[in-house]
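All chains are identified by letter, namely A, B, C and D, in their written order; residue positions are counted from 1 within each chain.
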Amino acid sequence: MDDALLNILRTLVLSATPLVIAALGETITERAGVINLSLDGSLSLTAMVAFGVAFATGNILVGILAAMLVGAVIALIIAVASIELRLDQVAVGFVLTLLAADMSQFWGVPYAGKPTAGMTAAYLPLPLLKDLPIVGRVFFDHNILVYVSYALVFGIWFWLFSTRPGLAHRAIGERPAAAFARGTPVNRLRYIYTIVGGSLVGLAGASYSVGVNPGWATPPPMQGDGWIALAIVIFGGWHPFRVVLGAYLFAGLRALAGAIQSSDIAVPVTLLNTIPWLLMIFTLLLVSGGVIERLLRILPRGMQNRARNFLRSDPPVALGTRFDGEQR
Amino acid sequence: AQDEFVFGMILVGARNDQGWNQAHYEGGEYVIEKLAEAGVTARMIVFENLNPVVNPQATVQDVAASMADEGAQLIFTTSDEFEPATLEAAAQLPDVTFIHTSGSAALETTPADLFPDLFEATERVAPPANYGNLMGEMEHGKAIAGCAAALSTKTGSIGYLGPLINAETRRFVSAAYLGARYCYEKYAGGDPAALKFEVIWIGFWIPTPDTLDPQQVTNTFFDNGADVVISGIDPQDALIVAGQRREQGDDVFAIPYDYEGACDTAPDACLGIPYFHWGPKYLEIAQAVLGDGYVQDWEWTSPDWSDINNPDTTAVGWRNGPALSEGAATNLQAFIDEMIAYQTDPANEGSFFLWEGPLNYQDGTVLAAEGEKVDPLKVWFLPLLLEGIVGDSTLE
Amino acid sequence: MKRTATNLFFLALPLLLGVIVVAILIVLVVPPNTTLGDVLQAFWNGAFRNLRRFSGVLVFWIPLTLVGIGLVITFRAGLWNIGVEGQMTLGGLFAAGLAFMLGEGSPLVIIPLCIFGAMLGGALWASVAAFLKVRFGVSEIFSGVALNAIANQITLQLIAGPWKPGDSDKAQYSRPVPDAARLLGVSQDFNVSVVGLVVTIVAVVLVLLVLARTRWGLNLKAVGKNPRSALLLGVPTTITAFSALMVCGALAGIAGSQRILFTYGDVRGQFAGGIGFLGLLVVLLISARGVWVPLIAFLFAIMLNGGTQLQFLNLDSSLTGVLQGALVLAVLLANGLRDRLRKPKQAKG
Amino acid sequence: MNIELRQIHKRFGSVHANNDISVTFAAGRIVGILGENGAGKSTLMKILSGYQPADSGEILIGGQRVDYSGPQAAIAHGIGMLQQDPLDVGAFSVLENFTYGQPGGLTFNRRDAEWRLNQLCQRFGFDLPANTPVEMLSIAQRQQLEIVRLLALGVRVLILDEPTTGISADQKQQLFNVLRALAQEMQAIILLVSHKLEDVIALCDEVIVLRAGQLVGAQQMPATTSELVSLMFGGQLPPQARIQSHLGDVVLRLENAHLSDRRLAMRDVNFQVRAGEVVGLAGLDGSGQRPFMRACAGLDKLLSGRVMVKDEAMTGRPYRDFLAHKVVFGAAGRLEEGLIAGLTLTDHIALATTPGWAVDWAEAERYTNARIEQYHVRGRATDNIEQLSGGNQQRVLMALLPEDPVALVLEQPTRGLDVESARWIWQQLLARRDKGSAIIFSSAELEELVTYSDRILVFYAGQIYEVPDVTRTSVDELGHLIGGAFMQAT
């Protein structure tokens, strides 16, 4: 396998990391039945905060923590608005999207274009793993944040599907009444998971500005990624593994855009730039019931069910709804 | 203060972008400082980020009018796309002098005069008398940048991170390529035919959701074997990525653009910086406005060849970056001396001129035959990239 | 009578809270040497210093109001038409396209045609999202975001290719639209397009009437609140949702045409300028009560044009966005709080 | 160990759902809780099982006063409730549902859990595939799962709220056997809330009766139906005379229809109903009644075959057209499907009656007030529909029906209504029937089916079986049929 290709794959994994983390954060939140629509703004704001604080304190870790804190606060607003004030989660999330984006630009002014030397989270190739053929270079020759994303994928998967708290976590998103009947404090847990998910969104923001593309500039380079992350969660059927798959898929297409232009294939830049968005629509089409069925007819009988189970992506039943069973 | 001199500065991006806009902004500060020395108190009112995304409500005309209300007598509109609007504003506010940078409305010649088969002839409307154009001969800076890149590349592959495609950017890419090719052969002892010089256009001066991600593109360059990336866009993404990769042990460099202090972003990866000094010219114009009036002009100002880094005289300059090796630095200086030699007297021995034939367009057609010198205006309106450059010449 | 009274209360209290929040924000962010007074002064100057400033406010009010009133329709139908931005864009492009095609001629013919084309374009783009929604259940939020981005790319491609200025190749804007299609200001000082004003006012009145007095308006409400029941009550739910988006798209299209035919006079990247999103904020601020759209849109227009002046105080103009966002968020939360405090009492009574 | 309730009070706004109720339940006894709709049965049980706190009053277990904060705490005291609609998580597998809520560490060992599940299933003869998603199970299986889950939690007091609605006779037998076993072997207390007197008679050792929130009587079993009825309603209900009205020509017809929904597919369905005919659809939830009825009203498209309304082919036409032909569908859920929360009564009337494109609000309001009069709706024209009580909402639904429908297709038209309301509804329906409307209705109440149907179709797993002679069939027989008895028979 030639170097160029390995390098490209490696860059792909790196540049997909923020998407992975953001989508996983949102997965946690939505599995608990809450939608945090503010991602596109939150990512900008937290990215700015991470870089700004890291720049001011000279300590990247502090920057990352600050970003996670901000992400958590935004999530908290959504939680309060939907649980206490019974407001429409989408409405509040959308306003926060715009607000956070503007805040990042306004308060980011002092940090725009500031030196980025030494502003990337610690780069450490993993001793033995990095020497493995192919995968070594592609997956284990990165900065810490990338490994964090791996850890999150498996951690969340294990949490959701192999632990008792995980059962409760999924239950409050599926059928709060049943969770309540089993003594699960539905709304308290919704607070917690919304906030945890939000802080992961913060981590994702940080993984741009002190990870994948260090520094801060307006307009924020990650604009639009928040929406893609939200779509990935749907495409991923709220399952960590599929979510990661989706994230790499989108990142791959982005990398392709640059690569194609440098190749001899004559395609207008504008067309390349539309690809991720077309893919976004296409994936959502794919997971929407009707289309799957039509597509599955092509497959041989045997494979159909397996394919269906893989493609089907039913949102948590109680997603976006309130649970008042406790205010009694 | 009633007798203060007020001038406006309209920027397409942020005043602190470490690039094009900051260069203009500091040009304005230079004017204030110098006028103060001359006993004139001047005030600059700035409008930054005048683009549909950040300021959908604002147009050049409106902002100019507001500035006039604030007492501005002179307004610099500093982005290519401001030109038509600036012309309108100038017509509406005859008492205010408008200087548009990088445009050519004040120039009699139109592209159609030079390339009748490429551009449709439209009879030219003379701009209002209170309108003028200004630009620096950055192609010299770009040539030096290209040379520095050629002297530093080990893989013999150079990437150019292009913004959008127009005559100006084609001019700069071509200049950088010519500098690189020349130095690669003469000083690095390489085969110019073997030198890979590729441009990828992101689609705009700054990254937006509608453009390619410049950091992604820079990574693509490096992943595909380039080890130097020359930036043609305003912000410092190329340098940032190069710096990050150096920290991870990759042996790669970048050359930023526009602003003298740009190297600070990631010094260890910075080979040098071709930059604009708008101050001196701005001062001249301001003084004219203060004195017996500005006379319409289209100015394309060259470096001060006696000292290309003299802050009070040069319009375009170059500074070596921390990452430029000793040897490369000496060779680069030699190359610069060759350019100077030509500028002082074309007849000089061992002098180098950028736009001297044989030069072909990308499509193989001839731009200048052996020994022929290209008409400067043809350079200004350069319709295609030059032969040897990989990359698109037009957006279609 | 009583309705309007409660409406007033409904707006007053939270709005007041929002304004207070904004004021506090300003005090917090302004550099030490400037005061709240200066900022308000700047807003005032930006909006009312002279006729020209004020016309700037109206010029921005026109597209914002058009988009806002359109969004009231989609919100009625329970749809989150985030794609409105792209619908503006396509509207503008159709208008420009027609203008280029028709070339010079009588404005009396060309301008109406262009505006009609704009409605067509906006409606067409909306119908894509509508189709994906009613046929495949793809969330209009996501398809909207994607279609916005795609619309921008179409714009860039047109600028780069067919519409590029013939006499040079500036990559940032198209050749100017022919004069016959240009909307002109009343005068240099009062630089507002009468056509734009009239169209907007007519649109607002029409929409309000239709919503209040027609079966379609009632259908929208039914579909928005409970599509399944609406179907059983004989409402053509898919057609209703579809048409809601199309009408909103058409109105957004007109808004887009204003940006091209009046504001810029050429096509350029992002010419819709986020006005669609602002429109969403406006409508959220008033919980989709159509009557208030013109007023709140006017308020926003003042804030934005004030923003122009803010920069002369060396404040980044994104502050305006922060203030608007904060205002809407505060009002939303205040609404929720008030309802929360009122509910228990009702249950008892 | 006994359970004692003392002076339990519970109010919901104006409604006094439980009014000073004191009662004791002895170990090892099976007690029936009787009472008409809205009498307060569920409320009392919810209080006992921790789902709702009492406004006042005490609960004593084995003489000890207990206070608990929620269902979990009640279970900790050994009291568990099986809700009418089992509180499980559809997306979970049987095993996950069984495990969720059981005490234990961070992770759980699937093998152990599965072993414990199977132990209990074997003991009671339940068949619960551990890895099937619960949403694929029948109501009966979901009840079984809840029972084993609660028992695994050490529950000694098991409350069942109307468990026999929507399960077959055989499943009912199995359930009863289990309950008896629990009472005898474990000295468990079983509390059975039910409207079905025959069930109570078959199972219970004693009954208590609530009326309008008060405890109005207790009775040691055995006792006769009439005794219980008089206890419940303070007098006999006049028996329902079933008057056959004369049948007209066929108004609605399905020809070789091929239907399907997410669960099952039905092929070659042929069916016709005549003017003035009442057709009842029996069967457990999800046996095919729903797709059948939706097909009749054009709400679901046929995969193949034809729908005819009075000899006019309506195949593939939208529901609107059916409505135009006066074929009306009424769904079970009121506010889910039928009425629109947030709209006023006038809005609803306007929606149902406005022919043209313009709405004449003055006219609509006048008309609405007329209907409110006519249907004795407790509410004002300007009220939002959700402010009305259940029965009143049902009345509004009736008011929305056209006066002379060709065919009414109604899902469980009296679900959750007290006997008066239910009877009133049927008056309205039969009045229309007599004017020549055909009525197709489904119900979980076999009684209702037998009482009002001219023909009964029994659905089982997508198979349809027509009861030969309705006048001769009984609730018992029907109970067996909906369990699929006819499958073996035929």
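The rule is simple: a contact is a pair of C-beta atoms (placed from the backbone, for glycine too) under 8 Å apart; a residue touches a chain by one contact, two chains touch by 3 or more.
The structure displayed is predicted, hence computed values, not measured ones.
Determine, using the mean of C-alpha atoms as each chain's centre, which chain is farthest from chain A.
D
I'd like to verify one number: the distance from the centre of chain A to the centre of chain B, where each centre is the average of its C-alpha atoms, in whole angstrom.
One centre to the other, that is 38 Å.
Rounded to a whole Å, what is the gap between the Cα centroids of chain B and chain C?
Here the centre of chain C sits 37 Å away from the centre of chain B.
Taking each chain's centre as the mean position of its Cα atoms, how many Å separate chain C from chain D?
Roughly 48 Å, centre to centre.
How far is the middle of chain A from the middle of chain C, if each middle is the mean of its Cα atoms, in Å?
30
Would you please write down the residue numbers of chain B that are in contact with two or more other chains?
49, 53-54, 203, 208-210, 395-396
At least two other chains touched by the same residue of chain A: list those residues.
In chain A, the residues touching two or more other chains are 105, 109, 218, 224, 268, 270, 273.
Going by the touch rule set out above, which residues of chain C reach two or more other chains?
149, 153, 156-157, 160, 316, 318
Strictly by the criterion at the top, what is the full list of touching chain pairs?
Pairs satisfying the touch definition: A-B, A-C, A-D, B-C, C-D.
Okay, in this complex, where on chain D does chain A touch?
Answer in residue numbers: 51-53, 70-73, 75, 83, 87-92, 96, 99-101, 104-108.
Quick one: which bits of chain C touch chain A in the complex? Just the residue numbers, please.
29, 80, 82, 132, 135-139, 141-143, 145-147, 149-150, 153-154, 156-157, 160, 277, 280-281, 284, 316, 318-319, 321-322, 324-326, 328-329, 332-333, 335-337, 339-340
Would you tell me which residues of chain C are touching chain B in their complex?
My answer: residues 45-46, 49-50, 52-53, 56, 60, 149, 152-153, 156-157, 160-161, 166-173, 176, 188, 263-266, 268-275, 301, 304-305, 307-309, 311-312, 314, 316-318.
Can you name the residues of chain A that touch chain C in the complex?
The touching residues are 37, 77, 81, 84-87, 90-92, 94-96, 98-99, 101-103, 105-106, 109, 218, 224, 227, 230-231, 234, 268, 270-271, 273-274, 277-278, 280-281, 284-285, 288-291.
Quick check: in the complex, which residue numbers of chain A touch chain B?
Going through chain A, the ones touching chain B are 3-4, 7-8, 10-11, 15, 105, 109, 112-118, 120, 123, 212-215, 217-219, 221, 223-224, 254-255, 257-259, 261-262, 268-270, 272-273.
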